[in-house]
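In what follows, chain A forms one complex with chain B and a second complex with chain C.
Right, the complex of A and B next:
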């Protein structure tokens, strides 16, 4: 049937048409807004999980996935008997200057109830005015998810009563969303379950634009405070197909969507600050019951409002286990909405099916259809930042960065760290007056950006909040320049880095002056004493080959570490490598701690997950 | 619980007791802006409406004065901003005289569903008649000469019906020409701001001051479409041929009062005598229009009125607002009147997932049919539809009664069932569904002081032609027609027999279907008030 509902009486009256001329205009607005956010509220600036923390988490998850404690894990007998199916709805706050249907600013850090228009408060007589600028980040997100953009989409009202929903309905895109049929490919590096093999494609059914709700703050038993600043903040809802079959992959999917949205500048915040929330739909079915082509899924339940990656994984696991236990004891699964408490072990029922709300979707009679021109889509497609996988390849091949560091650079923050990296590389090349050494300089700078600077923050007990201001790019460039031109040792570089950070007048004193003042410059005499040693060689380049030999010779030890998880045995290799370096007359060139780190890097690069 | 009978009003609202005892008060106003009229709060503005006293229906926001929509829900509510239409009136020099009484949120045909008590239309015979609804207060303000003109809103006939019942002119422009920004929504896709006055000329003057594009109303007709309208709309002088008026056969229903039918025929004869061409046309979808309207309007209403939860503004009872697990049910139960509750329930039902396809979707399709039927009879093309060319020998305007009867007595109205009440709108809703301009013109009856409303309907955008023709009819002096002695009307060479009427009930097989939903919600009134 070709009939589609429409709210407005006369469709062609005044469609909201997006052509390319809006792009420039809107980009201008966006720039202004980000400037404002930065000045108004530095705490609002990108929130980051500490890098090492995240890497550690990923590692931990992968290791955990390998031993695992759940009764019904993917690979044991029980797991084989049951198939888990998960579909995920992700709600992400778009990075826009204005709300979806009013010109009120979106700055949610402001004083409560200051950024609201009459329409946001659902005042009688107020009408929605679609803010065209909100479409651009939404489009970038949909394009990054490989969706087909619909030329025409419409807005509908989803009705339910709650105090955080001023109009009694949310404006969303139920009948005709603006984007459909995308795909997201998850690879091993994304932390998918082993059962998914090398990679798995997750289908995106649709992406729709919608309004956020107010924030409620319960102050006592029967009293709630409401802040309407967030009302009508533009959201996209990304609805996946039920293509996910393990808890780890569910978390990996959410993690990757989050990273992708940040990398294309569609969102500012992640799950840590509530900028992104997920609802998961979970069902199980017995494999033995399935005909080969049977696509019927088991009865599903929905777990709402998961606000961390861990919650996604744990809730899916717990719900799967609950459903299997019920089915195995001869019970049936009820379609219902369930909740999850952070740190909990079980999901709990929120609403049974008969208590479900009938949302009574109705086309919004005030809002004309949204028309997006093909030209605009093409223009955005051409200017959209590279997808993370392409960037990783570029960093590895063009800048000599290790794959792990490259991924970290791409995945963290808003691409801010990546910008810092490129900035520092360019400045170092300026100092060198040459671009021939990009591979070496790139690897050094990536190492500082990803490991040394955050480690420094941790060491001095600072919340390791990344910011390009911690060590200005120019100063890092100067430092790397000194290192590269063999004027300081690796260990001295680390000390110097701390000095740059600590020195109040770091800016007035140049890095080389500071190195001189702190007596860190290498004596040329020492150098001449040991010709042939090139102490400023990248430590990894020296230690790497030596380590590789050592690993080869000691395969049993390697196995102990990998299979028996005796991770500490890595230090055994450190000893061997130091010995080997001594034989080459290089032992004194390096700080043992650097060697230890390098050996561990070499080991995990080679054998790590 | 909320249905105000006259007696109730008298006992509940002491100050109206006095008014009624004087026998003259119509209860037309909810708020009077005396300060503004005395020139205390405003400075004189020069303009085409300078010093004109204009009354404004109470669902149109005015800064500094209450806007209650005649509902307890909005008791004491003040909008921080003027609606666009009120701003335009003020800029043209008009004085906003006060806020007029109405059916709560526009839901009603007699202006009796009001938290402020019913509007009363006292006839020359001393009896109390219906003022029509829902803009009954605006109509009474005009007919009693308290106001130079008045703003109303028309969703399914709410301006035309009161005009017909009170003997005034009531104009509903094309949908989207006058901004709805600041006008409290009942059913957005139908709501139209319009004008009541006691002459066509006053309506024209007011209309030209307020028919402006407004970027704050997403459904406001754009300047470029307005230009197109100017291009395609003919005027009487430029037509170069006699005006063509169509009589839609489906409007001649058995249920039509004889008086109304006779007045209609007399008017057509008079026009024919003045060289106006009369032809018969057919709008087959008319029979579905009423039920379609009573599905769509309550559906939108149930959505629009979901915001009245008493949290950010409006009425709210003390203590927790949770009743038997249902949020806001106490607030919404005590503050909405019976008719509003009935329509919210009806709309809630027709939008529910089980009924959506049978009612709401179906009605949207019928609405398209109605639009298509109108496009087929008019010579002027519909500027909103790409590829619309107009019908070569089509008519310029349609002429039909505004209502099947003249103003009924209030007592009779109060005795009606809701569905009987809804049938009053049978002739006004088709133009609303299609968004067409329509005006109700009063025909004074020779034998009494009552009058009958006749409706001119034009193609979308031909508002100026509708008003010009209304002016022409006014000039022809239609107050003194000879006594009706059978039809002499010639249509297409034959005598037109008005007695060959169709039964509305029989011709509309969907009539029962649509109305079943209405009755369903009527019988379950109050059980799911906050659903």
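Right, the complex of A and C next:
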């Protein structure tokens, strides 16, 4: 699942009106892509076109308004008077071969009640045997959360009777968890609330190993079906400190923990398949009642089993509002466990909260302490995959990738796009024979990987499956090499990409042979003689005369623009000029956006004030 | 850490092992409600040990509440009693008579627990289990890279530039410890297809 930050994406920067089908497609790609990454010169065209400035300002305003709506959650007077505090417990299924205390396999695809050992069903006399392979994903998860690993930790029994737990107790780590005192830093890009500023640190109190429960299936009548395949599947429970003060940040925290666990290979599944569940502890207190150093929180309630990020955010919001409403009408909050239905508007009471004493925790006498060597921790620390924030910084600073694209690269799929990106960059460097241009080509390659190739995939197939073989990294490298050495135009690069992807030739010919065959190499060679010069003059030389012709033929339209101030009609001319260039066989050698700019320049040069 | 058991044992006053005849006679089931009265000692300053041993310092009788202890007849509220029964998955009392009996049982159990809690355990680590606590045993239990070699072997690193660790799913996991002829559903009281079945109406509230 890819996740993208809200707000600034997918905005059409410069609308263009073009007629051919391909150009419509290009237009669509553009809407999805960051146009600026294609430009040699990131500066905007001169400000002599008021219409564009106008449109840009409108977009800016829209964006600002949207940002306010979606991110500012501590709304109005209510939010100012009350402080919300949230602590989160996340249960994540570890990716292990066997269960926590038996040698039964964990495969999720098996028939119900087949991956079950005697101990899993609590047969009398069956002993728990800790499966040591479990510590690898558990330790990686704890290290990714910046925790201190305890050399010795112990297992305890938490007693309660329920059908999904045959032993009458769950084995967990209550007294001595294996990891403590972690931190997770959430930044703006993680989607935190505005009130948290640029970043906020969420403390991780502890991470403990424990058993999962069986799956209950409610069927009609009064029966519940039980599948014990999941019983005793290894879980980690990650308990945060009450450092969260907004619903958006609560969801951001869960999202980031999920991504982090996945990136270090600790878990196989996310929330969407039930591999991760969150319980949130919510309380509010009145700000005016507080001395600055007062750390006492209001009475909290726990909302259990939230299985999506939206559920986390919505449930926290709803529970905050419920508690404030009760307190404002003079009531008191009951300590209790509450539930949340997806798509609901209110939390509902499940049961009175059981106190810790009710679980009658006791050390499990059947299990020896877990002892983890320093050498094992060091080995895991040395080989742990880099966290996304570090990768993003590396991509932005070292490869010139925009932060937005860098985040997308890191979050897309299973990391295979990032691998593809690095592969293509390395191959391009080989072709260039230098690593001096890494930042320049890195940006281009990121743009192709994040925007252009997915756009092509969507065009061909409605449910495309990514594969690095769609456009082999070497071919993308060759294409970027042509683009970087100005042998092809941006628009030609897109056409060429599609040719590599779609045609027989794409597989048999080299990229430059294909470009030559498809007549996509740049028609005007001046650039190569003086690389780095702005191509504005060249395009104006071609577009200028064509534009002059179409203006002559359509005087009425010119008057509409000048007299009636219907300035948007200038795009009508862009379409006509493109058509004309098409007749001359030159359409593909220019970037339509460059043509649009040139037509507008030509218009205002001729008729402007 | 190492000698938890030894510490625990040494903290128990051994001299109280010797109990007077009167106490032994009225032990477990029957309770007289009288404190054991030590025989008055007749001088003999030379035999301090004899005198010492003749004075019991503790009696098993202290673990049972005195008869007609009306103050502790209802150690908890009826509501609390039901809460405790529910946590233990035990049935609620059918009538007041049964409730009174349960209260009485609870009272004597609580008395017992309170007596045990009087033992000073300051500085004594709880004994979790009786096991080998030698340094050698700890070293044997310590998880090292070498001990986890099999688990490491079952992982692979994907990617040349962006390395990712994945557990290999193509290695079959054989459960050698579970008897091959045992089927989990064999002892199910109710089953439906591949599932165990429980009745919702009888479900205790979690």
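In this section, the second predicted complex is superposed on the first by the 329 of 609 C-alpha atoms of A that agree within 3 Å, B and C clash if a C-alpha of one lies under 4 Å from a C-alpha of the other, contacts with A are read in each partner's own complex, and residues count from 1 in each chain.
Basically, a contact is a pair of C-beta atoms (placed from the backbone, for glycine too) under 8 Å apart; a residue touches a chain by one contact, two chains touch by 3 or more.
What you are looking at is a predicted structure, and each value in this text was computed from that prediction instead of being measured.
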First (chain B), second (chain C), both or neither touched by A:104: second
Partner chain in contact with A:136 - chain B first, chain C second, else both or neither: second
Which of chain B and chain C A:112 touches, first, second, both or neither: second
First (chain B), second (chain C), both or neither touched by A:366: both
First (chain B), second (chain C), both or neither touched by A:226: both
Partner contacting more residues of chain A (chain B vs chain C): C
Touching partner for A:358 - first (chain B), second (chain C), both, neither: both
First, second, both or neither for A:121, with chain B first and chain C second: both
Which of chain B and chain C A:169 touches, first, second, both or neither: first
Contacts of A:150 with chain B and chain C, given as first, second, both or neither: neither
On chain A, positions contacted by chain B and by chain C: 118, 121, 129, 159, 161-163, 168, 222, 226, 358, 360, 365-366, 368
Residues on chain C engaged by chain A in the complex (per definition of touch): 83, 87-89, 126, 128-129, 131, 138, 141-145, 147-148, 150-152, 154-155, 158-167, 171, 173-179, 182, 184-185, 192-201, 203-206
Chain B residues touching chain A - in the complex, by the definition given at the top: 60-61, 67, 69, 74, 77, 79-81, 83, 175-176, 180-185, 187-190, 215-222, 225, 299-300, 302-303, 305-307, 309, 311-313, 320, 327-328, 348, 351-353, 356, 360-361, 364-365, 367, 384-386, 435, 530
Partner chain C, residues of chain A touching it in the complex: 95-98, 102-107, 111-118, 121, 129, 132-133, 135-137, 140, 154, 159-163, 168, 217-218, 222-228, 263-265, 351, 354, 358, 360, 363-366, 368-373, 375-376, 379, 383-385, 391, 414-416, 418-419, 422-423, 426
Chain A residues touching chain B - in the complex, by the definition given at the top: 3, 5-10, 12-14, 118, 121-130, 157, 159, 161-163, 166-169, 222, 226, 358, 360-362, 365-368
